[in-house]
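Below is one structure, written out as structure tokens; the observations come after it.
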Amino acid sequence: MGTNTRGRQFCVTSFGESHGPAIGAVVDGMPAGIPIDTAYIQAQLDRRRPGQSALTTQRKESDEVEILSGVFRGLSTGAPIALLIRNRDARSQDYDQLEHVFRPSHADYTYHTKYGIRDHRGGGRASARITAGWVAAGALAELFLRRELDYEACAWVNSIHTLSWDGHPDTVTRKQVEASLVRCPDPELSARMEQAIAAARDAGDSLGGTIRCQLRGIPAGLGEPVFGKLQAELAAAMLSIHAVKGFEYGMGFAGSQRRGSEVNDAMEAGADGIRMQQNHSGGIQGGISNGAPIDFRLAFKPTASIARAQETVNTSGENILLETHGRHDPCVLPRAVPIVEAMATLVVADMVLVGRG
Amino acid sequence: MGTNTRGRQFCVTSFGESHGPAIGAVVDGMPAGIPIDTAYIQAQLDRRRPGQSALTTQRKESDEVEILSGVFRGLSTGAPIALLIRNRDARSQDYDQLEHVFRPSHADYTYHTKYGIRDHRGGGRASARITAGWVAAGALAELFLRRELDYEACAWVNSIHTLSWDGHPDTVTRKQVEASLVRCPDPELSARMEQAIAAARDAGDSLGGTIRCQLRGIPAGLGEPVFGKLQAELAAAMLSIHAVKGFEYGMGFAGSQRRGSEVNDAMEAGADGIRMQQNHSGGIQGGISNGAPIDFRLAFKPTASIARAQETVNTSGENILLETHGRHDPCVLPRAVPIVEAMATLVVADMVLVGRG
Amino acid sequence: MGTNTRGRQFCVTSFGESHGPAIGAVVDGMPAGIPIDTAYIQAQLDRRRPGQSALTTQRKESDEVEILSGVFRGLSTGAPIALLIRNRDARSQDYDQLEHVFRPSHADYTYHTKYGIRDHRGGGRASARITAGWVAAGALAELFLRRELDYEACAWVNSIHTLSWDGHPDTVTRKQVEASLVRCPDPELSARMEQAIAAARDAGDSLGGTIRCQLRGIPAGLGEPVFGKLQAELAAAMLSIHAVKGFEYGMGFAGSQRRGSEVNDAMEAGADGIRMQQNHSGGIQGGISNGAPIDFRLAFKPTASIARAQETVNTSGENILLETHGRHDPCVLPRAVPIVEAMATLVVADMVLVGRG
Amino acid sequence: MGTNTRGRQFCVTSFGESHGPAIGAVVDGMPAGIPIDTAYIQAQLDRRRPGQSALTTQRKESDEVEILSGVFRGLSTGAPIALLIRNRDARSQDYDQLEHVFRPSHADYTYHTKYGIRDHRGGGRASARITAGWVAAGALAELFLRRELDYEACAWVNSIHTLSWDGHPDTVTRKQVEASLVRCPDPELSARMEQAIAAARDAGDSLGGTIRCQLRGIPAGLGEPVFGKLQAELAAAMLSIHAVKGFEYGMGFAGSQRRGSEVNDAMEAGADGIRMQQNHSGGIQGGISNGAPIDFRLAFKPTASIARAQETVNTSGENILLETHGRHDPCVLPRAVPIVEAMATLVVADMVLVGRG
């Protein structure tokens, strides 16, 4: 399997570069007979689209998706679904000065070293722009899962820089999240986050933060020990997302400072069946879902692109001082929310299908 | 590919249960002509073996590995190497009382729900005992990598409960780590950690902690965007390990509270080539190694097995109070150190081979 | 890995239907730095294109390929190369009468039964039209292999119906093959084959035949026992091609009637190294190439589409008599020659890359 | 996925060499809750076992299988099932003279060239002895399939050298086949085949032949276009078997000399549903089963090991004359029958599971 494909049964092959003709994905494994709601797919792409607000990159991309195959009379046929998104507003000349420069904490140096050739325009293959294809694929996965489960992926910005939300995750709704420009469930905190991002942008700087995500409606039994554990699949999917530097589920790192007697999830049987009294485990035990919401958090580093002078090296191996003024997001987290949901949904759809076999 | 196999080119298939006849692994993809130092493999297994000290489970297993195939006159032949470790000291009767009980925060309930049948003896397939096979496989991977690179995986216990070490990672040696019963580089802190574990054990409780790991000697260029990124492969491997609840690399979660101007890794060219001035990125950019040490941290939850009464449910769906007194580790971290190194080394070996293709 | 992807390291994902918006392929695993000769890719597509002569379907498709990604300044970048071919001359109305009918020896009934939904237009996903994407991908594989080896895939029509060529395979050239409308190396036989095909067409009937293929310039050592044997990979690739009903290599079925003393390939060492005195083995022993040309033959059934009344069944389960008059090839073999070469070349490219790991 | 593993969901990893400590297989993907009839597995191994008659190698191996994992109280648990068969009667000294020799039409030269090292004892990894593990795995697959379908794989020797059977395939029973020492359904022909094999053996020679196989009880809908077509999966599995040089299904090569009007499978609807009037297609259309028996034939070359002087080369690159007198089968076909059935059954089990996803 190529390294640009993920999934065992619900498989997504990603292609494209930031300034090439197009980006996209091929989804192989979509069961037949699923209504393909193209408006819903487009709506998810719109959530990820650049230029949504003053806080994001000003690149203008409509990100309209064309379905090239696998759909007949509005239904999936079981054949691969190829998704195509043309690049429209690539200003490649903006990157001319970067052709021979390795930007700090970008993938310029590593791509150059690995491949010996690098499409430097807009980050090339390393650009987060390619996640548009992932979001479209994730929307297809969601259309499939909706038929199977009362499934919902709900992610939100839990912190930006030092501004952190501490509300209860179980009650957050996607509607609440979408009401916020930064996609934080708390309106007041949301406003402060907006200000912090704007301030960082104006200072030529960038901010990191964390996203929390819940996957709801997954019954006990999803996940494939010992190398297809649900948390391992989620971690790999999440660490594929640009700028993600950490993944934890359940109590995560905080739980490492606790005692077993404090964090074990006591179980109880009731009229509705068996349930965990708490969800310290984050909905997974032994790599398999336990019926509680899957609950995980991601650390995002601050955007590597900043408008300040930085020491770095060029392709001739000379030390230089770099100053750039491209279009970029001073904080990637708001737009990353639908990407996180999409990738998580791809994992769930795949695990559902694998679990049938 | 089965869900008990990991790797694209250096592939490990895991098998076995805690109280079955044997556990083991088949390594497929070991290049031919590598000297197979069985003493080294056994030495790694001894680091993971139970019964090393009063702080670990008292199950007595010599964990002697038999190589069934793939080696001829001390050299690998290119054929699969099957590794067999017999279970010797399984006291299955100790688990009779657990046959119809779901232990809190164990995989009992999820396995039961998923498979409809569960080998309850010693945790069955969900037992961490199966990691012996992974450690043996990881030792093979290391024997391969040594021929290619000046490679070393060095992991250590960075914290137990609230006791945390804050030394510099680059200078930690495996020797230093092995000198400590809990595998923490700091002798004084190590003694305090031992006491904390012993106290938890005596109180019928358990402790969590963190392990930090450095992978050294990896040149720039390892990793396969966009779904075989080095951090994604490492995260999946690490989240496959029992009790691991979180993975972060480079600045990880702490970096999410910082600004780009603070954490970007400035680059500089010198006589030895290009290097990062710091290693906030943890040795990876865009999914590809950058030549700096790969640096990551793992959160382990406290052992789920505790000797205290816990509310739970039995297989008849009745609420019960469970008290158990089996053999288990009050803190898994010291024995997890070689497992972390082995899994990381499997990832590196695989990525090295994939990168050749 | 999805079932529309083939390859371990040089991976091709196929998509598209006969009458959908487009067909194509994503090639993942193309090494970086290979010059992408688009004219050569197009030339291969032109060899497969419909409408080349009166002996093929009259559907008019230019089959122009657009490269969507993975190429920068004429060189491969190591990123996936997406290949897009628009469908231009789909006359879907021609298939209206077939919407509710299962054509004999077509995939109509099996697709209908498997998926519950079927794009009946032009055979939908089951159409051989999708092999255009394979041919384009195979051309990319060839561009890669040319850099590595003095490689050539040379296939030709060895028989049509009962007209069979018995010349020596080692001297056949692609030029010789292309000089023939039916792609048979013998001009005189070629003319008789043309007549046979035209006669079958005029009689509303169709003809089968065999294709022989040689892969030249492959050194000893290619192939991966025991489940990636070269002949197994080739067989799977060939049996993926529409209408192929048999695969044999070396002496194949004829060799089953011989004695070991007759067919064993005696070896001899000379100034140029070791070689086989004959090539009864077809260039492979134990799943690994032995340095002689890889030599295999394929059986193609006669085209299932014929213009005669046939007994069959409709989707309501009624027995009917079917007469069709669509555009189709009365004999698929001439156009299958580049498809065979392309699929074989994909196998070789993949095995070359896997063998490095 | 390693090249010693086959299958997407029902996965078999093969290991072992002819004269190593053991051979075996790990089956990953066996659904949970299947009764594991070890006597049945052993019975299948006994059908493949050497030393069954004077016509086979006289190596004495009981081929007792030990199940190391994945079975609890007689039922599969969903965990990998490791199967171990010890080598008992390896007479490695018999092969001393072959250490530095490349036997004609064996894998000696190709393994040597590919790996640089070769376990020459008994053919090492290239020995057909490893198929014992495949047969055991196939028996597990059959135990699974029996629960799902009224499935049967029935293979037989259809020809030995020029002695060929032309009976109707649909009525052959496994019982009938097992009644014959050479596993040909016709008792009279069977006797002549025995004589032919004995004569070849006495002449220091060997014979080839063909095996035909029917897979019965498979409903329409099995197989995964376009790269997991049923015939492609079967072909790959069959071409993995030692000495197989050709695969054809349905009318195969004979059909290439026919007209469409002669070979199209007319369909008819009746009380029992839809069926093919003939089975020229061999039970598959468009890569998917059509409900008729899957019907294929395999060409086996004569055993490469013969007791006659042969021209060949040694590892020093010198031309030599080789005479060998090891233990081997003068005709492999009788013992290959259960191997063919096992490999076919592995394909079917895998496709059944993949088809669920």
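Residue numbering begins at 1 within each chain, and the chains themselves are lettered A, B, C and D in the order written.
In this section, contacts are C-beta pairs under 8 Å (C-beta built on N, C-alpha and C of every residue); 3 or more make two chains touch, one makes a residue touch a chain.
Note that this is a predicted model, so its numbers are computed, not measured.
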Copies chain A and chain D - rotation angle from C-alpha fit, nearest 5 degrees: 180
Chain located farthest away, centre of chain A as origin (C-alpha): D
Between B-C and A-B, the pair with more C-beta contacts: A-B
Interchain centroid distance [CA atoms averaged], chain B/chain C, Å: 46
Chain centre separation in whole Å, for chain B relative to chain A (CA means): 26
Residue numbers of chain D (touch at least two other chains): 1, 3-5, 8-9, 14, 29, 79, 114, 125, 225, 354
Chain B-facing residues of chain A, complex: 1, 3-6, 8, 14, 102, 104-107, 109-111, 113-114, 125-126, 130, 159, 161-162, 200, 204-210, 220-221, 223-229, 231-240, 245-253, 255-269, 273-274, 277, 280-282, 284-291, 299-306, 308, 310-313, 317-319, 354-355
In the complex with chain C, residue positions of chain A that touch it: 1-5, 7-9, 11, 13-17, 20-24, 26, 28-29, 32-33, 66-70, 72, 75-82, 84, 114-119, 124-125
Chain B residues within the chain C interface of the complex: 1, 8-10, 29, 79, 225, 353-354, 356-357
